[in-house]
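So the structure is just underneath, and the comments pick up after that.
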Amino acid sequence: MIKVTVWNENRHEKKNPVVRDLYPEGIHGKIAGFLKNADYEVKTATLDEAEHGLTEEVLHNTDVLIWWGHIAHDEVSDEIVKRVQQRVLDGMGLIVLHSGHFSKIFKVLMGTSCDLKWREADEKERLWVVDPSHPIADGIGEYIELEKEEMYGEHFDIPTPDELIFTSWFEGGEIFRSGCTFKRGNGKIFYFRPGHETYPTYENEQIQRVIVNGVKWAQPADRKRPVYGNAQPLEKISEKSL
Amino acid sequence: MIKVTVWNENRHEKKNPVVRDLYPEGIHGKIAGFLKNADYEVKTATLDEAEHGLTEEVLHNTDVLIWWGHIAHDEVSDEIVKRVQQRVLDGMGLIVLHSGHFSKIFKVLMGTSCDLKWREADEKERLWVVDPSHPIADGIGEYIELEKEEMYGEHFDIPTPDELIFTSWFEGGEIFRSGCTFKRGNGKIFYFRPGHETYPTYENEQIQRVIVNGVKWAQPADRKRPVYGNAQPLEKISEKSL
Amino acid sequence: MIKVTVWNENRHEKKNPVVRDLYPEGIHGKIAGFLKNADYEVKTATLDEAEHGLTEEVLHNTDVLIWWGHIAHDEVSDEIVKRVQQRVLDGMGLIVLHSGHFSKIFKVLMGTSCDLKWREADEKERLWVVDPSHPIADGIGEYIELEKEEMYGEHFDIPTPDELIFTSWFEGGEIFRSGCTFKRGNGKIFYFRPGHETYPTYENEQIQRVIVNGVKWAQPADRKRPVYGNAQPLEKISEKSL
Amino acid sequence: MIKVTVWNENRHEKKNPVVRDLYPEGIHGKIAGFLKNADYEVKTATLDEAEHGLTEEVLHNTDVLIWWGHIAHDEVSDEIVKRVQQRVLDGMGLIVLHSGHFSKIFKVLMGTSCDLKWREADEKERLWVVDPSHPIADGIGEYIELEKEEMYGEHFDIPTPDELIFTSWFEGGEIFRSGCTFKRGNGKIFYFRPGHETYPTYENEQIQRVIVNGVKWAQPADRKRPVYGNAQPLEKISEKSL
């Protein structure tokens, strides 16, 4: 059984009644709920817990970590970021949602600014599937339509994704690479754009399906970390005079 | 349960006692055997059957097709090649083994010559894992070593693979991209190099494991083929005077 | 000096006065014009010439071939298609424009149906640059806007492009991967979407700039075709008892 | 004229007479020499200069930065690393050589450990061209052979390269992805493996040619950095009741 930890900064929920009404158990509670229904073993962790809820033990027992953050990226300690990065290199899957594009962990793993255009204008988003063979698009139609979402527009300052699964159309005239995968070490990363806190995006069954599929895809392969450092030859090396 | 069809031209087995001794049930029989042990639903098909054993019905009931061919590529009818290509675009997985690099179906799907360097000299091959996050490398160590294999060397005239999982070292001085994935339409393709008919390569448990993993990876996503052709607008298009 | 051949089926120009008025010298004449201004050595070739104007000699003296076709793809002979494919594998660059997505040569090089959604509705297209580092986007702003174009929508049934440079937003609600590169053998391929025959798209200076950049990018590297076939070892292979 | 800055930590040259004999003007001096012969405008910078020789002004006047470091990676200040990273995102090309795989700047841009296997055993390296279409392989034969080099072996802990141009065969039994490109923001990065300080690798004309080609490939496109942040809509957004 795949072990998932859903991490949320859980701040909008405390400050903003609109968000609290939409997600009375927090965004992490909502996501944990539909992942449990998909038969994953799910826990949650939030910023204000000790070590942000991401102790060595928690991470060691996490196959796939889901990350939602927005207004408190800077409050995440650099030490925990390093710990999460190491776990990804060791094989843990990581799913970064929406405003998590600006989280320390995503920026550190990408090596770029991860910047983008944005706008809050109650506008329509249509996420087109551009890779119909991908398991993350399993069970999804040609596109997912969201009546109202925040706009994210290109250029999205990320490295070339290993795979591009969704590209969004926005009513206001922009497009965005909204479903992207990356590999880092033994670990797999999926960035998925939708999920602004003031919209009921995580109620949408197609969005839920994508995240459920993402967890399955991001689970670690059964492998040790490769051996690095000084290595003995596997074959005889000839003596050379020169 | 994933439905696999193992296709083999099955000619070396009839002509060459060395091959028959190694694979008394044919290369297809050998591969079908270890795939059954992995709990797949497995059938076989060979060149000399009617329609090469690849009727519309067989292909329709195949999730993943495995292809082994060598000396009789030209005897595969163009009509069957088109049929298999269409099934791949519709979502069927395809695993092309060893000398299948020169099969009509692989060449048609790649668009290139698929040519390479080769040599039969009982030489050592070491397949290094270069993508430790990939599910096809699940359970495999840092490399797989084969005491004797045919050499295939670069340049391998294929399009840039979507993913490169294995790269081979050969005793005689060459390297080769020996585990490559490609996507075509709704379908996923895995090319895996080892498996010359005069060596017991498919007895090797690590090689078996890679093929078992490959089948799981290549299974179709649950999706219809996208809708193509003339499309009505999803949004209102403004009238333009110009 | 880079030698360019602009190929056009040149049929709309003969039948449709709208097209003839827009492109009195043919689409090929228009494209050849701005490429000459960019200091390339430019020739043209059209469907109704002997061997479609693509003799062995012409192709041998072409560094980059530009392809525009639409209503007469089937009239291009299979022999010429094979000849062009071989030249691409040998190193010639190929730029496929707009409806050329359905040309025999593009389909053969891709291995897929190359199908898509389409609509003629005088709608706005906005091509966003998603790879700002790419030389094909040199001198281009954040996007190119075309007041009226034919719509092409996803899913575009091509292999995963090696590079994705432009993605289009369409007024009617679709998006499209509109600037894609591919490698085949020693040759480089650039597909660029815009250019419907009833719009003055090739008058647009930004579109011209992209095609000028594309030619420079697609020029052959100074290399011979790799050596394929049976190869002598470069290192001593040990004797094996087993 | 492309402006190149060759950066070297320049420490082995001071401490080790073998290195000083091989490269009396330093590794940077050697590289600067053959780049000047290729008609680039070339300067050098070293670790012990003020700001490591990489002032804002120097970087602003650099199109392509070449990086050689080994034993003093930790002495490079984090501030300068950030400055170089920002210049890469702004468009400057970066060529990282050999032991530069462990430099702070490369690790920050990759987001991974950049670790690998290594061995100093005077062994033969053969770099095979696996992408014959690439301009960085222009003028290079099927492979480059180096009689003696340090071995670097897989797994090389980098993100999937955007392009893989060379893969090395080593006498002792390993392989390595030895010529890799990456994009970060507006900038292009080329990692090239050879160049251990105790071997005359940078005397090799084929190695020189690859670096000369790399500079040309890595030069910035003529583009501003994209606009990021809050964005006004380009199209009218409909009022929504829901």
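Letters A, B, C and D mark the chains as written, and numbering starts fresh at 1 in each.
The definition used in the following text is that a residue touches a chain if its C-beta (ideal position, glycine included) is under 8 Å from a C-beta of that chain, and two chains touch if they have at least 3 such contacts.
Everything numeric here is computed off the predicted structure, so don't read it as measured data.
Between the chain pairs A-D and B-D, more C-beta pairs are in contact across A-D. Taking each chain's centre as the mean of its CA atoms, B is the chain most distant from chain D. We define each chain's centre as the mean of its Cα atoms; on that basis chain C and chain D are separated by 31 Å.
Distance between chain B and chain D, defined via averaged C-alpha coordinates, is recorded as 36 Å. Note: centroid distance chain A to chain D, computed from Cα atoms, is 30 Å.
Residue positions of chain A touching 2 or more other chains, listed in rising order: 126, 129, 131-132, 142, 153-155, 160, 162-163, 171, 173-174, 183-185, 226-227, 234-235.
Contact residues of chain B toward chain A in the complex are 91, 126, 129, 131-135, 137-140, 142, 162-163, 171, 183-188, 221-223, 225-227, 234-235.
Contacts from chain A toward chain C in the complex involve residues 126, 128-132, 142, 153-156, 160, 163-164, 167-170, 173-175, 177. The part of chain C that touches chain B in the complex is made up of residues 85, 89, 108-113, 115-119, 121-124, 147-148, 151, 153-155, 157, 159-160, 162, 171-174, 182-185, 226-235, 237-238, 240, 242.
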